[in-house]
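Should a chain be cited, it is by its letter among A, B, C and D, assigned in written order, with residues numbered from 1 in that chain.
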Amino acid sequence: MAAVRHVMEFERPIVELERQLEDLKRLDVSAQPELAEEIARLESEIEMLKDALYSALTPWERVQVARHPERPKTQDYVAALFSEVVELRGDRAYGDDEAMFAGFGTLDGVRCVVIGHRKGKNTAENIRRNFGSPHPEGFRKARRAMLLAEKFGLPVVSFLDTAGAYPGIEAEERGQAWAIAECLETLAGLRTPVVVVGIGEGGSGGALAIGFGDRLIMLENAYYSVISPEMASLILFKDPQHAAETASALRLTAADLVELGIADEVVQEPRGGAHRDPALVLAAVEAAVSRALRDLLGVPRDELVTRRQARLAAIGAAFVRE
Amino acid sequence: MAAVRHVMEFERPIVELERQLEDLKRLDVSAQPELAEEIARLESEIEMLKDALYSALTPWERVQVARHPERPKTQDYVAALFSEVVELRGDRAYGDDEAMFAGFGTLDGVRCVVIGHRKGKNTAENIRRNFGSPHPEGFRKARRAMLLAEKFGLPVVSFLDTAGAYPGIEAEERGQAWAIAECLETLAGLRTPVVVVGIGEGGSGGALAIGFGDRLIMLENAYYSVISPEMASLILFKDPQHAAETASALRLTAADLVELGIADEVVQEPRGGAHRDPALVLAAVEAAVSRALRDLLGVPRDELVTRRQARLAAIGAAFVRE
Amino acid sequence: MPVSDWFRAREQRRYTVASPKTASADLPDGVWLKCAGCKHTVYRGDLEKNLNVCPHCGHHTELTAFERLLALADDGTFEETDATMTSTDPLRFTAAKPYAETLAAAREKTGLSEAVVTGRALVGGHPAVLGAMDFRFIGASMGSVVGEKVSRAFDRARDERRAVVFVTASGGARMQEGMISLMQMAKTAAAVRRFSDAGLPFVAVLGNPTYGGVTASFPVLADVILAEPGAMVGFAGPKLVEETTRQSLPKGFQTAESLVRHGFVDAVVPRTELAQTVARVLDYLCAQEVPEAAEGAACPVPRGEGS
Amino acid sequence: MPVSDWFRAREQRRYTVASPKTASADLPDGVWLKCAGCKHTVYRGDLEKNLNVCPHCGHHTELTAFERLLALADDGTFEETDATMTSTDPLRFTAAKPYAETLAAAREKTGLSEAVVTGRALVGGHPAVLGAMDFRFIGASMGSVVGEKVSRAFDRARDERRAVVFVTASGGARMQEGMISLMQMAKTAAAVRRFSDAGLPFVAVLGNPTYGGVTASFPVLADVILAEPGAMVGFAGPKLVEETTRQSLPKGFQTAESLVRHGFVDAVVPRTELAQTVARVLDYLCAQEVPEAAEGAACPVPRGEGS
């Protein structure tokens, strides 16, 4: 298990108990025999509390886990799942957006095009990668990679992890909405398999631009939402403090998405979140993606697109009344 | 005939004689009977000189005529030849380049997509239009218009009048070479007729980007060249003063282009250049374009592209020895 | 009789005239209104006759979806489709206020079943599917019904080989339907893709305001994009941009006029010239001057109408 | 034996090894050279073994076309095509200096017939058509011969279903062939279009320098664009840009590294890793993992080789 530095709000009670436990352990047990019992009791309580807490995370708590800074990032998945990686850069029009990864990689012997939002692992990297929020050129780079995949018959594997497309002045001026829409149109008709993995944040249109296809695999604590819980709270309650409530209302968890017919599969995370045992999660995701790819590589291209479009057409159709 | 303000270098001797003629006419003829004779003689000399000068313009003189500021511009052709014009703007990625026109227009009942370099008619307009030298977004706008033409089965009419693609810092940084190459690739396979009219300057890659197709109609004094005569002089002679010589050597006139198998047709200009009688030239170009369109609209799309590519493939092929 | 006239005559016989159920429902009762652009007092009748464009300063005031559609369609040719479609509240959303109540209030206020109105019409004689969004209906946000109606509109146009003309005005995706709403962006973009692959023409008109998941899905995929004067159009709203970047916004930021300069909109067209401009654009996009189009020819005689 | 090995063995039997006729012809006779990048004195043999990359600072010195091709091709697989093609001086160009003399001098100096060398080879086991330009030959400018050889290279690759790998280095179009040269831009772009429409892969390597009509035609249409470290690449030359704009050029202007940042190049690859990187890229572009490709499958067994 990796040592975890960042503590989430809802973990504070546990951390407090763990601190007390450390204090107790520092005392002289031989002088106070009842102390050993106290320590054992506290240890067991902590375990029970952890089980209780982590086994029933609320949607808002899951959002926090999804945003945990030590959570495995797209670059971790690329490095762990793929060999022979070649990065592709640039949109051939304006720039290379480091908030978006694009490249080739080989997973279990299958050559793929890989795309994904790319957050940093520290402040310097986050600044360079704009905290994983792409500008239009990021989406245009992803679109270029999708078209290469189609042209050369390679499946696409996409990793979602963004708070959203960047809401900046220049991003708007260079056509954020246009860049996203063009990705959607391209994905909708792309004649090659597309496997999407929600690994962390799935923030609105910026996630969706590379976030649908023939399979949607969600990590247990990844979220995918039309709007951030905070923003929804601000709009609905004129107050950002109701995020926990809106997080529940928005139905943004992996389990919700399966129930709504949007996601296909949930990859379980270790207790406490993916950052507690990245290797385990990386292996589980690799297995899931590999299965999905092998399923999809057998489907004729036209059939693939027909199915993908039918699946999209069905979303929401069950909830209208004429 | 329109009143012409701008005098070209090689016209100076005529202008000097005309000034002398005016002086003579201001004298009292009744006092000096031989004066009338002198005036008549000078008038006839001027006419002969004009005939001689304008009927045998050197290539370098034609380049100056092609650049004459009062020469009809793309916007004059659009206004005169086309009805029901709708301008299309923007490259859908970065900007709208006013050095490039794109739009719909109807010529003799044929609905077309129209593109063309757009110089200004005065300094203010020239600054806005960057003197007709496009940035990458200009070429990308033209390419968008070409693709619309193909999608909706409209022929393309293109007007060439540029000193060249703009050699600026930002133009380079936004991929001038890439934007031009993408136009070339698009035009090479465009499944709709493309009629190109050289109306003034045809400066290198910036002209070529919208400058080849199924017909190339050249105005008599329009030029089309791989490099400007001045730049060629600078490179070959380390001195810009040999432009007249390089203009001849480069074989850049309308007549040269026909001889080299690159242009199909030359539209004659009135004595002195198109600016001396724009209406005449506009009508002649309209007739030529209309004929070309009606010829080409009968050719099946595949055949059109095959012929265009064969024509390109032949250029230069006759001049290689294996 | 030219084909277009024949069409017009034929369609006029067949189509019922949909009346604007709710025109001006939002306007105050007073006969005189104050223009938000120039503060002039304007006679309400004059404003309405001028498509809610101020005769003094040209300011474009909101129009209802029906007002927009009837202004675009050739007289008497508009026939609504999917008129009664409503949402069943897929998430049982109750945060702050139950979504069911929000929906009921919007229906009550507007007389509409949802935020978009679609239908068949002729536009300048061209068979088209028309759509318009109504900002009064929960900010014309896109949920399952808007997504479904937009998708059906494009599929119907494809089946009947009609052009599509769509007027937008929306705050974005409808929060209260969560991920169902977000996915409508992909669903409508997929519908445009199917439509566009069939070689048919799509003209979008961006009205004020158009934002978020609506901008970033179907309208900007149009072949020709027009916008109304002064319309605010973008992905992220200006307030969010200002708060995120802590920069003051440039003059004209996200206005239709600046979108033309930035290369994303073909023309800003005053509402009073819109029908004519759209018709003229369709004249080109439906012309097919190059005959050997085999597949993908736009706007021939629509199939399935002879029945 | 995997198919790629079988290919390698087969092609090795069949192809003759073209020797670098003129390697190092330009280098001074001295055994020691001074690096233009770091001013270190470098042993000529060391430099050549390292593909003219300075072992001290990594500075990339010019390579001849043959040196480039042999560094990219699998050992012993390169077979030159169109080796003897020369220009007949279409314009009878004599300004400043007769073009015929310029050509003769270039041939003499380089031992090449023209500024580009093309041929068949295997690259990482993949059947390919390779091309490389030789800057020593009139600045590797593109006239009728370069245009014809480039076009034939793409057409040959299309006919034989091979990948294309092209290394550029050029000052642009060849002035002395006037409009014939300019039109080679369109001609080569058309060849790429035909090739690309067949679904085959094209990898370009932009060497130092690549400018003008060469940059703006075939190489930048590649599926994947690599560049050599420090390579200067652009449309207009830096001097012209400086003179036209009267601005000082930004640091790194038009370098391969800045082209990556500006979105036009996928990667800057040191020459010593180039063959491996190109081979790896071709592994992907020739993979066709999705089987139902019917048309457009890349790099299957080449046709017409069994004869």
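FYI, a contact is a pair of C-beta atoms (placed from the backbone, for glycine too) under 8 Å apart; a residue touches a chain by one contact, two chains touch by 3 or more.
These numbers were taken from a predicted model, which means no experiment stands behind them.
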Chain pair showing more contacts of the two, A-C and B-C: A-C
Selected pair, out of A-C, B-C or B-D, that shares over half of its residue contact pairs with A-D: B-C
Chain centre separation in whole Å, for chain B relative to chain A (CA means): 56
Inter-centroid spacing, chain D versus chain B (mean Cα positions, whole Å): 34
Centre-of-Cα separation between chain C and chain B, whole angstrom: 42
Shared-contact residues (touching 2 or more other chains) in chain D: 262-264
Residue list for chain B, restricted to those that touch at least two other chains: 92-94, 174-175, 178
Chain A-facing residues of chain B, complex: 92-94, 136, 140, 174-175, 178
Chain C contact footprint on chain A (complex, rising order): 165-169, 171-178, 180-182, 184-185, 187-189, 204-205, 208-209, 212, 224-227, 232, 235-237, 242, 245-246, 248-252, 256-257, 260, 262, 308-309, 312-313, 315-322
Interface residues, chain D side, partner chain A - complex: 199, 201, 223-224, 260-267, 277, 280-281, 283-293, 296-298
Chain D residues within the chain B interface of the complex: 82, 84-91, 93-97, 143-145, 147-148, 151, 173-175, 177-187, 189-194, 196-197, 212-213, 215-218, 220-221, 233-237, 240-241, 244-245, 247, 249-250, 253-254, 258, 262-264
Chain B residues touching chain C - in the complex, by the definition given at the top: 84, 86-96, 104, 110-113, 137, 141, 148, 151-155, 191-193, 297, 300-302
